[in-house]
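Each chain carries a letter (A, B, C, D, E and F) given by its place in the written order, and its residues are counted from 1.
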Amino acid sequence: MGWQRPDGRQPQELRSHRFQRHFTQFALGSVLAQAGQTQVLCTVSLKEGVPKFLEGTGQGWLTAEYRMLPSATRPRQEREFLKLSGRTQEIQRLIGRSLRSALDLSLLGERTLIVDADVLQADAGTRSLAITGGYIALVDALSALLQQGVLSESPLCHQVAAVSVGLIDGEPYLDLSYAEDVAASVDFNVVMTANGQFIEVQGTAEMGSFDRPTLDRLLDVASQGIQELIEIQQHVLAASHE
Amino acid sequence: MGWQRPDGRQPQELRSHRFQRHFTQFALGSVLAQAGQTQVLCTVSLKEGVPKFLEGTGQGWLTAEYRMLPSATRPRQEREFLKLSGRTQEIQRLIGRSLRSALDLSLLGERTLIVDADVLQADAGTRSLAITGGYIALVDALSALLQQGVLSESPLCHQVAAVSVGLIDGEPYLDLSYAEDVAASVDFNVVMTANGQFIEVQGTAEMGSFDRPTLDRLLDVASQGIQELIEIQQHVLAASHE
Amino acid sequence: MGWQRPDGRQPQELRSHRFQRHFTQFALGSVLAQAGQTQVLCTVSLKEGVPKFLEGTGQGWLTAEYRMLPSATRPRQEREFLKLSGRTQEIQRLIGRSLRSALDLSLLGERTLIVDADVLQADAGTRSLAITGGYIALVDALSALLQQGVLSESPLCHQVAAVSVGLIDGEPYLDLSYAEDVAASVDFNVVMTANGQFIEVQGTAEMGSFDRPTLDRLLDVASQGIQELIEIQQHVLAASHE
Amino acid sequence: MGWQRPDGRQPQELRSHRFQRHFTQFALGSVLAQAGQTQVLCTVSLKEGVPKFLEGTGQGWLTAEYRMLPSATRPRQEREFLKLSGRTQEIQRLIGRSLRSALDLSLLGERTLIVDADVLQADAGTRSLAITGGYIALVDALSALLQQGVLSESPLCHQVAAVSVGLIDGEPYLDLSYAEDVAASVDFNVVMTANGQFIEVQGTAEMGSFDRPTLDRLLDVASQGIQELIEIQQHVLAASHE
Amino acid sequence: MGWQRPDGRQPQELRSHRFQRHFTQFALGSVLAQAGQTQVLCTVSLKEGVPKFLEGTGQGWLTAEYRMLPSATRPRQEREFLKLSGRTQEIQRLIGRSLRSALDLSLLGERTLIVDADVLQADAGTRSLAITGGYIALVDALSALLQQGVLSESPLCHQVAAVSVGLIDGEPYLDLSYAEDVAASVDFNVVMTANGQFIEVQGTAEMGSFDRPTLDRLLDVASQGIQELIEIQQHVLAASHE
Amino acid sequence: MGWQRPDGRQPQELRSHRFQRHFTQFALGSVLAQAGQTQVLCTVSLKEGVPKFLEGTGQGWLTAEYRMLPSATRPRQEREFLKLSGRTQEIQRLIGRSLRSALDLSLLGERTLIVDADVLQADAGTRSLAITGGYIALVDALSALLQQGVLSESPLCHQVAAVSVGLIDGEPYLDLSYAEDVAASVDFNVVMTANGQFIEVQGTAEMGSFDRPTLDRLLDVASQGIQELIEIQQHVLAASHE
């Protein structure tokens, strides 16, 4: 018998997920994503132009900003102001890379999509929820751009979702809450596409180390969790308006 | 016949206001405040200690942080990083002063209440909505502190609310939306208590100037609007939970 | 019998004001403004170009910088270096707005006037003295630009001055010194034109609150004080050279 | 027949590695690490005290700083000043985590080991070389601390090394140079111990995505490369002095 | 026949110098120093404590801050914010070193004297004028501290003054104005005591280079100029008040 | 009998100097300069364009950056990150001025040479070693630019070197180590050309002051030391490759 999850979930069970589309009105896409107590507001905006290294290539770009509201955690955390922590930068780079892999950037023209992932409440798993929810906001944003005639063809080419999985007492547990995250000796964040391909694998031993068979089991659990999230995304996007 | 308001309101009519209490769970008080399209998430946290100038006095403090999410406006605005704009600093100082006037700080002990006002969507009036909604979050936070036994007596001594009023075509209009704000030649922000006393009056001629009778009429309209908001606050707080 | 002013002034009496024109030679206008112990060096410079939002409009701009020398106060204060305090930003925005209201910016062309208000000694009232003295430096700067042929028509359209008034023991006192400012429960800063119109009204209850009749009396005292300053400005400017 | 490596290496062949111990004299450990054209100066210093979250626990800490000299790349790159790039922060966090896993921090006392990894020349693979070379400098530093009597027992408990592996034309290539890195569609950085356990796995699809069998092959090649590096480290450390 | 000075001075003639003592009232010493068109406000303040490296030694310290008002030059210069230029840092370090050499710091106790040199108008020679005028403000500050009983014995042990000298057309010219400074190929700044000892010699070839005999002549002219300034300082300080 | 040097050198004897050319490969010139225990990596790079004040003049520029690795000193020193110390800025300005004097910048075209002087180990004399070693790297860089056809004529016109000299117990000592530097009451840094002309003289009394005859003796010792360094530079550069 293994470790008991605080909320009674099975080891390979996701938290309850909810995605409120069109949560705000001024961005092209706006989704309030919730996974248990974790809440991330994902919005997508467009600006003309691309970073220096893409100028003149005709290709577009997607970049992400990730930030926590100070009251997202208990106790309250100071806003990052004069510099971003390494953690924040790693996360926003990961979100950007992951959502770029959903797009054929050559169909975007020299424009930049900006994904803002603002964490309203943090109970672990914010980076993977930002990717999974950000994907939905991205789909809404691209629909708007097609409708507005800014784009004539959708650059969307892959559906992506992400999940965390951790090792507690030698066993893999899916979609950790904060209390579980603290107990885990190994943390994995995995990003995959709807057709089962990997985009990103990040695994870290916080304590000790892990062998190859353990790595394999962690990836199995992550893969299965992501496929469930892929279905949830499809279900949410099938609704005409939320 | 005067100017027609885009949303069909009467000149002295407030926008529809909504205050969702307990919007997030980790802060002591958390209110999603909405006035028309404007949305401000107001949360209240506590930290031990006070600013330098109060150390050893036994008195508490309240401070406010105000920030806009980048997608709160159309077009998207860059986050303030490295330095706060003068506008942001003015607003967070105003929110702090206004909500401090609701409290007897000597009953707080050497603790600091932090009001975070994060604008999720900005259609003008964010500073007055942050004060009016922040007051509700403050009441919830103080209740929690009394219940937790951190405080034995409530420091709450005044109910405060705020509103904007502007001069368009020589006539006062209450609670301007963004489109109206742009058209106004004079802007007033007024903060008052439930018993009709002024806490703050800030009036600025954006174009031209204004005479004393006009100033008097603007204050009349603001006073009446604030009394309505005071009643809405009381109604929201009377509900057992939201 | 009311409160006795430390320097023996009547409640509605200004401090002794002195304005030394052409205090330095390299700026277009340069005035050392003194009100009692308060000393502000106000200089006006011109630079080509306007802020982004005005480019291509043919209209000019005026902006202000306000700063205190470290030895302006007792004890010495650190220079603001990595960031400006909220107080400093509020003041320089106020100075800028107030002096812009003196000008028809469309007659300036796409140029920016910069008003530097450097406080050499601070005994309260620095922001209103910066406006009142800055107006004189501005007049000198515009004369120089007309003489140099940079401008063919003066953009000057209003004479403006500013003053502070505070409530001590329930009574209004004009043009507070630092010792008085500390004692006041309500502070007003008022900016007006020579023909009695308001540009800006900023009133704050530092302690308690204030009712409408008190607000009216404070504005009466401020208005009368500003009319005296308007006369002093005219007298100073009538002198051919200082 | 696969892709030809610019320097004629076999797909699973490391670059020539060289580690000059005691390259400078003032740090506790100092190793100039070279892998082909890549050169990283790894030094280890000690300071008293630990980060806030460890104070009072009796446990030590290890932290890393990673920086490139401006002339390490062609063309010259600006120094990072005012803020570190996300890339730099990711790398220095990875180096710190990896080398902490080599230590039993409870044997260090409340002291912090600082690993400085300064890249003198960058031809890809700097982060893994910093870990592999940093390990050698760490061993030398701990020997010095034991000899000086600062430590009575060595906190060293695992030998660690790191390597990169990339996917080019669908095949894994070990220890990429810069020209190869640019050509790779998938990049893995792997950190392991001498007994074949994983510390960190970071795999990113720069273009496209990768399936599970490919992931397995990449990890196989990385594991074998790390075991070779482990032997080189042992050989270098067996020499009495360099 | 040599080069003609724009203001008709002889090659070895100082500009007209004027030192207004007690220019402001809140600092311990305050001198408005003028040399021709150059104006520097030199104030001296005291704060308790010393830099880290002197704590516990019983010895005091003196530090200097040097800054230009933006309108001190034509055209206006931006304020230094976020970082000080190398020039500013060099100058304030020079002022600090020079005035420290006037004191026996062991008689100051663990206190820090702060010399603020704020340039109101810059027509070259600001650093040497800041030293020469700062010395006078320092004497006034020490008198005040003795009178207030903060110090029981004066730490003053040397009288110091400074001057610039430049090489134009191969000939030395004393106390250059801005127009002359631009024309000079070699610039020297020299700091000396009343008894003819050197504190600092800084000579730089802006164009070309200079031989040993030229160096000797430049130092001769500087030495003679400093002796005149020493006399002016004594004369100014002999006046009971200004 | 005077003071005994820790390493047994004669008072006017240089430390052992070594210059490894082509230490790294990606910069145009790269020299690892060593003087006793002091090690400075000097590299020279080129970038197109010149600072604002030279645009359109057809003339080039040379600028220097000086920085210490954190482990260059015992104990380790923090990296300069948010701001450069005054010392660092003075040194890099000195290196830049000194090496510019070696060049006819009009032959460089509108390009900027960047000299990076990174101190790997600091046992005093880093600034003069950076100049002396930087000169060699500069010669190599210019040769490369001639060979590449970027330049058609060499802008090199003077050979420059630098040395420090200090006063200990009233006697001059050449090329001080750190232990000696601490003991010296007067420090001189002198930069000269191969034909005995001065570029820069910087002399500072750290304690006390110095008279004219002492100044003369210090310059004599420095001049002789620089002539020896000039010969060493020529010898190193005469070797075909290191």
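Methods note: contacts are C-beta pairs under 8 Å (C-beta built on N, C-alpha and C of every residue); 3 or more make two chains touch, one makes a residue touch a chain.
These numbers were taken from a predicted model, which means no experiment stands behind them.
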| item | value |
| --- | --- |
| Any chain in contact with subunit E as well as subunit F | none |
| Set of chains adjacent to subunit B and to subunit F | none |
| Rotation in the CA alignment of subunit B with subunit E, degrees, nearest 5 | 120 |
| Separation of mean Cα positions, subunit B and subunit A [Å, integer] | 33 |
| Between subunit B and subunit D, centroid-to-centroid distance (C-alpha), Å | 52 |
| Centre-to-centre distance between subunit E and subunit A (centres being mean Cα positions), rounded to whole Å | 61 |
| For subunit B, residues that touch 2 or more chains besides their own | none |
| Ring order of chains, beginning at subunit C and proceeding to subunit E | C, E, F, D, A, B |
| Touching residues on subunit F, where the partner in the complex is subunit D | 24-27, 30, 37, 39, 41, 43, 45, 47, 65, 67, 69-76, 79, 81-82, 114, 116, 118, 120-122 |
| Complex contact set, residues of subunit A against subunit D | 83-86, 89-90, 92-93, 97, 101, 158, 192-193, 196-205, 208-212, 215, 219, 223 |
